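The next part holds the structures, each set out as structure tokens.
What follows is a pair of complexes built around subunit A, which joins subunit B in one and subunit C in the other.
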Partner chain A sequence: MIVMTEKVVTTEEFRLRLIDLEYKNISKEEMIKRIKQIYLEEYGKKLSAEIEIYHSSEATTLTQDTGFDGTAIHFKTHNGDNNELYVISQGSKDIVDWEYNIKAMFAGKDYSQAQDTHKFTEETINKFGINSKKEMTSIIGLSHSLAHNNNTTAHLIYGTFDKVYSVNGAQTNYYQLYFADRKFANDVRSYFSMSYNNPDAIYDIDPNKLRQFAEAYYKDKAKNIHQVISEDDPLYAVSVARGFFTLGNVEIMDTNPDYPGLRSLIKDIPDEVIKDFQELAIQYTTASNQGGIKTVMHDILGVNMDVVNKMDNWFNSVKAYATYQPEIDTMIRQLDKKLPGVLKRVKMITSNAELIFGRLVKAGYISNAQKQLIVKEFTNIETELDAIQETLSRLVGVRDTGNFFVQIGGDIAAVVKLMGHITAIQDSLEVLKREDLLSILEEIKASHSITEVLSSLSSGKKSYLGTDMVFSTKHGKKEIKVNISAALRMYQDGKAVLEEKSSEIDHFQTAIHREISQCYENNKSQVMRKIDDIEANPDLYSYLLRKHIYFSRLNKKVKRIRVYEVFFPLETANLNEEIHVLRKSVEKGYTYVENYRKAIEDLFAEEKEIANLFDLVGGE
Partner chain B sequence: MKGRIYILLLLLIVVFLGGCQMESKETRKSSEMNVEDLPDVRAFQDEFTRNFLQSTEETRSGYYPFLSGTGKYKMDFPAGGIIGEKSYALEKERFESYLIGVQKESVKSSVDITYTAEKEGNEKVILDMLRKSSNEELKFKKEELQGRGLYIAPLNENGEFGFVSYIQNLSGVGGIQVFYVSECNKENENCSKDIEKENSLIIDWLKTIQFVNKENESE
Partner chain C sequence: MREETITVTERIVASEDLTHKKQILRGYTDAIYQCDTAFLKLMDDIIVNEEQKGEIVEAMKEETKKLTTYNRNLLEHVDKRINKMVEGLDEQVDEMKKQSLTITYENTPSA
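== the complex of A and B ==
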């Protein structure tokens, strides 16, 4: 199959800004408007292709609740060939997705979002009538984060796309592919002579050999995968774990030059240590996002802090024990179940603390004092967990004696002890939540973002601020940077606002005419009509005279009425002056906007394309 | 008077006996039984697989009743099969995926089952995905069974014997993708015959996969 070269979206910058736009959850109209503007900024000319958009929320074929969220953008060119269809899947952003992310990445089994990616793309192709002219349309997956895993997995198994472009993607996983790609699974089975009757045989294969096999197996399709990865991206760092492999043409960028990136730090830390650390960290992050430390305690240890907090001393404990016995019972059982796993992971971290946190100090992520603090708190947590385990095992022993009173006494003593340990763990977790430690996490997280990659994509005079395009120019020795996206927005929006103001003034003027002059004339003519009527039919108005003098009906008659009218002119109704002032302000606005434009054009006197940009948006 | 008491006693005995019989018939969850009391077959000897099996009574010769972790479908489970614990994946009620390794006298099989909360009407795209995933021009035959549509296509590339199947729930959400591949045990000389026999068994087995719909539960 011949893969066409794109004609519309041809730069990494444009692709990144498109992906970012998808995250903004804006209406179709707004999205089309912004895509046109981005095109203008990037290429200095108007987009001639037509844009069609389809969103996954409209799709009828998707499985519910998988958390898949995507947008399809169709660029239809006028001559009909070289069309481009982009399917942008959204990476993880909410709880549902993080759960999926963790599962997909670390267990490597659930592939429902990859299926949804394919189904959504197929539905879009039908919707836009691309089916009949598929060879004239490039079908391209664009993605960030988890979506890369979705898009690439779909590309590898179902051949969903002609090309996949991604930034800071969650890498594909050969275990996941083994469960999702039948042909691959069969080939793996026969290549490694795996027994058909052992369902977990795949885990006995040397991961390195499996990775090499997978890389060779997918090498043709990998040619159409293009990735930009930030060296500082934490997702890139965790991709060293077992199962992950990086496919395609990869451009590694250093987006945060202050740090060396995490991957090099954890490269030679044993797999199990990283896995335990990740699992705990992810469990912690998910729970803490949902409801803070209280939820963390509940999800990780099975502890209900509301009950624990009621048992702050002996007396209250006995009272609480009587009231909340079923809750306490469940809690202890939960704790007993969850403890071994948590303890194992925490021990793995504390026994490798020098290795993990020492590296972070060396790389400058944390200070020595911060490291000591973290290690101390982790050790505290370990000690408390150990104590809980000991208490629990004794508790079970007491229960086995069968003596009811001993049991209750033992229960309460043990429960009070447990509550003490639990509170201590909570305190340690609070310490780990300190501001300065969180800000390091923020910095690490920022390296996962599209904007950090975009901002490091500066070339020559062009750079990026957020997702806005910035142009720089030299005046003498001074470098001046101008946010061109913002300038164009201001110029365009400013002009739109002034136009609107101008038309409002027109409305106002018509309203004045209608409500004042017109009304005066209407009333005047109404009075005139009445006068005419009175003068034409004087006898009908004899009652007017009767109000003043008495006369009998046959005796006297009104023969003629003559009305002498005087109309005073409309006064203080002339608003011309005010209208003039309003019109003046619009003119001033235009002058201001144009001056602003001229100032920028003067700055970039040598760059004709900048001046051109204003012409193009002005002409909209 | 005495006669009446006898009759009452008799009735009581009948009730008790009836009760006893009922109890022995009642399906006991296999996971609650002692290991020694379990049938001596591969499926029951495996602790993880045992959890899915609903009874130690065979549904038909060589099969035990299985209920999915999603609770959304049931089927006959081969006595010689085990479910891979490491490869088992469950996402609440919307996704389940696992491999079964089946050991029979003359053939070994690997069965890959995936459940998704698929809506009716997507069959065309799903079957197409199955074709792409197996990289074969599968020719599906459709059969409508009670409350479900069953699609079966034979596999034969790479000397691989078996079937690809898709089952769509017709009275609710639910779709099940099945890849069933088999190979002969090495020392087997009558391989093609055994495979042929196995193939007809597989088709019968696929028909035992049924959705558990809420309406049925209340019955």
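== the complex of A and C ==
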């Protein structure tokens, strides 16, 4: 297979910014506009290729609900050769993805998103009519996070891509490949003399030997996999767990020099401990983001804190029990169901607390005092969960007797006890939610982001802020940093906003005419019609006479009514002067945009390419 | 039977509150305000290191500040004018609905 060299997207920075765009959930038009601007910033010239976009939400071949989310970007060059098709898969973004993440990575059995990656790419190839000229088009997978696992797995099994580029990816897993790639599985079975009857026998093979076999098996395809990984990325850290193997050309970067990275810290912590810690952390983070501790208590333990909070003393408990018996009943059954799993994970963490949190202290992520606090709160949670389990074992038994009197008596005492334990857990969670502890999580999370990698790619005068490009210049002795992406957006979008303002002023002027002048005229016509009616049918308006003269029903008859109509012209019918000034303010805006451009150009008087960028973006 | 006349001033069309038009017209100035805000927001992140005071940077910031104040004052003035104009309309329309009229009637013997 001949792999073409890309002509359009040729730098790591451009690829990273493209991947980041996929997360923005923007319209196709906006995406095309932004891609053109990024190209302009990165290469200092206009993109000459046409862009076509296709999103997985439009795809007709994706029938399973796997959580796959991807966008295809087709760069069509004018001479028709060297076209490039990028399929950007989105990494973990919600709970469905994270569940998949855990399943795929630790159990290594689910590969449905990799299947969808392949199906979507095939559909896109047909959609864009690339089929007939496949040899002229490079088909490239771009990915971040979980998406690397999808793209690489698809690449290895189905040959979906010519190349795969990834950043901070969830690595491929040889157990996952064993279940997904029949040919690989056959070769593994024959090489390791495995029986066909026991699929789980794969787990009995020495992981090191299996990894070496997988690396050798996929070595040709691995040549076309390129990865950038931050050594501070938490996903990179967990990929030391059994099953993972890193393929391709890998560039490791230190994106957060303040910390040594988690991988070295956890490499000898058993897989099961990492898995339990991660599962609990993800469940906690997702629920906490959705609705704080209350939602955490509900999602993890099945507890309705609104009901629990009503049972703050014995008297209130009895009252609440009478009112909320169905809710309490459901809650207790939920708790009974969810508790064993939670307790197992918490015990796994507490029994390895020294190992896990001790490492974090050593690496400087947390202080010793913070470690002691975390361990203490986790131990408290474990104690309370143990107590809940003990109470529940009796309570659910009592409920199942169906004896109403026993049930009531047994329940109230037990329920009050349960509520005490639940409140204590809530208190411990509140302590763990302390800001300084959360900021550590934020720090760790940031190292998984595309932006941290991008910002570490800064060189010379160019750097990145988020995914924006920043240029620095010396002015006198001072260094001034200008966000060139924002400046170009200001120049381009600023003019669009001013056009919009102009059109809003037109609407305003029309509205003044309609709401004021026209309203006055409508009312005038209404009054004139009324006058005509009064003068034509005076007898119908005898009530007007009756308002001034008393008479019995039949002894006065209205013969005529003459109205002396008076209409003054409307005094303030327009805001012409104000409209004029508003229009002037639009002109001021245009002048301002040009002045701003000139000011930036003055700052970068020595860098001609900056002025050139404005010229190019202005000519859009 | 003798005809008699009486001249009175009467409301001949029911009164209607037109002051809600203030809100309608304010909707348009709000939209203009949104444009101003969106426009100025585009300037927000251009200068990265705020602490770097340079002559040019300062001039740019000063100009942004001036434009912001100018636009805000202008719209405040327009809103006041809207209020005045709508109140004027409301009063004038209400006045117009009251007209002077002469009623000619005849007395008829009671049955």
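What we mean here is this: the second predicted complex is superposed on the first by the 402 of 620 C-alpha atoms of A that agree within 3 Å, B and C clash if a C-alpha of one lies under 4 Å from a C-alpha of the other, contacts with A are read in each partner's own complex, and residues count from 1 in each chain.
The definition used in the following text is that a residue touches a chain if its C-beta (ideal position, glycine included) is under 8 Å from a C-beta of that chain, and two chains touch if they have at least 3 such contacts.
The structure presented is a predicted model; accordingly, all values stated were derived computationally and were not measured.
Student: Output check: A:43 vs subunit B and subunit C. Expected answer is one of first, second, both, neither. What do you get?
Tutor: Neither partner.
Student: Tell me which partner touches more residues of subunit A in the superposed arrangement, subunit B or subunit C.
Tutor: If we count touched residues of subunit A for both partners, the winner is C.
Student: Scan A:284 for contacts with subunit B and subunit C and give back first, second, both or neither.
Tutor: neither
Student: By the touch definition at the top of the document, which applies to A:122: first (subunit B), second (subunit C), both, or neither?
Tutor: The first partner, subunit B, only.
Student: Answer with first, second, both or neither: which of subunit B and subunit C does A:470 touch in the superposed model?
Tutor: In the superposition, A:470 touches subunit C alone.
Student: When the two structures are overlaid on chain A, which partner does A:179 contact: first (subunit B), second (subunit C), both, or neither?
Tutor: first
Student: Of the two partner chains, subunit B (first) and subunit C (second), which one does A:197 touch, if any: first, second, both, or neither?
Tutor: First partner only, subunit B.
Student: Pick one for A:582: touches subunit B only (first), subunit C only (second), both, or neither.
Tutor: A:582 contacts subunit C only, not subunit B.
Student: Considering only touches as defined above, state whether A:531 meets subunit B (first), subunit C (second), both or neither.
Tutor: The second partner, subunit C, only.
Student: Spell out the part of subunit C that touches subunit A in their complex, as residue ranges.
Tutor: Within the complex, subunit C touches subunit A at residues 3, 6, 8, 10, 12-13, 18, 21, 24-25, 28-29, 31-32, 35-36, 38-39, 42-49, 52-57, 59-60, 63-64, 67, 70-71, 74, 77-78, 81-82, 84-86, 88-89, 92-93, 95-97, 99-111.
Student: Which bits of subunit A are touching subunit C when the two form their complex?
Tutor: 465, 468, 470, 475-476, 478-483, 486-487, 489-490, 493-494, 497-498, 500-501, 504-505, 507-508, 511-512, 515-516, 519-520, 523-524, 526-527, 530-531, 534, 538, 541-542, 544-545, 547-549, 552, 554-568, 570-573, 575, 578, 581-582, 585, 588-589, 592, 595-596, 599-600, 602-603
Student: Within the complex, which stretch of subunit A touches subunit B?
Tutor: 60-61, 63-66, 100, 103, 107, 109-112, 115, 118-119, 122-123, 157-159, 179-183, 185-186, 189-190, 195-203
Student: In the complex of these two chains, what residues of subunit B are touching subunit A?
Tutor: Residue positions touching the partner: 80, 82-89, 91, 94-95, 97-103, 108-110, 112, 114, 116-119, 121-122, 125, 128-130, 132-135, 158, 160, 164, 173, 179, 181-183.
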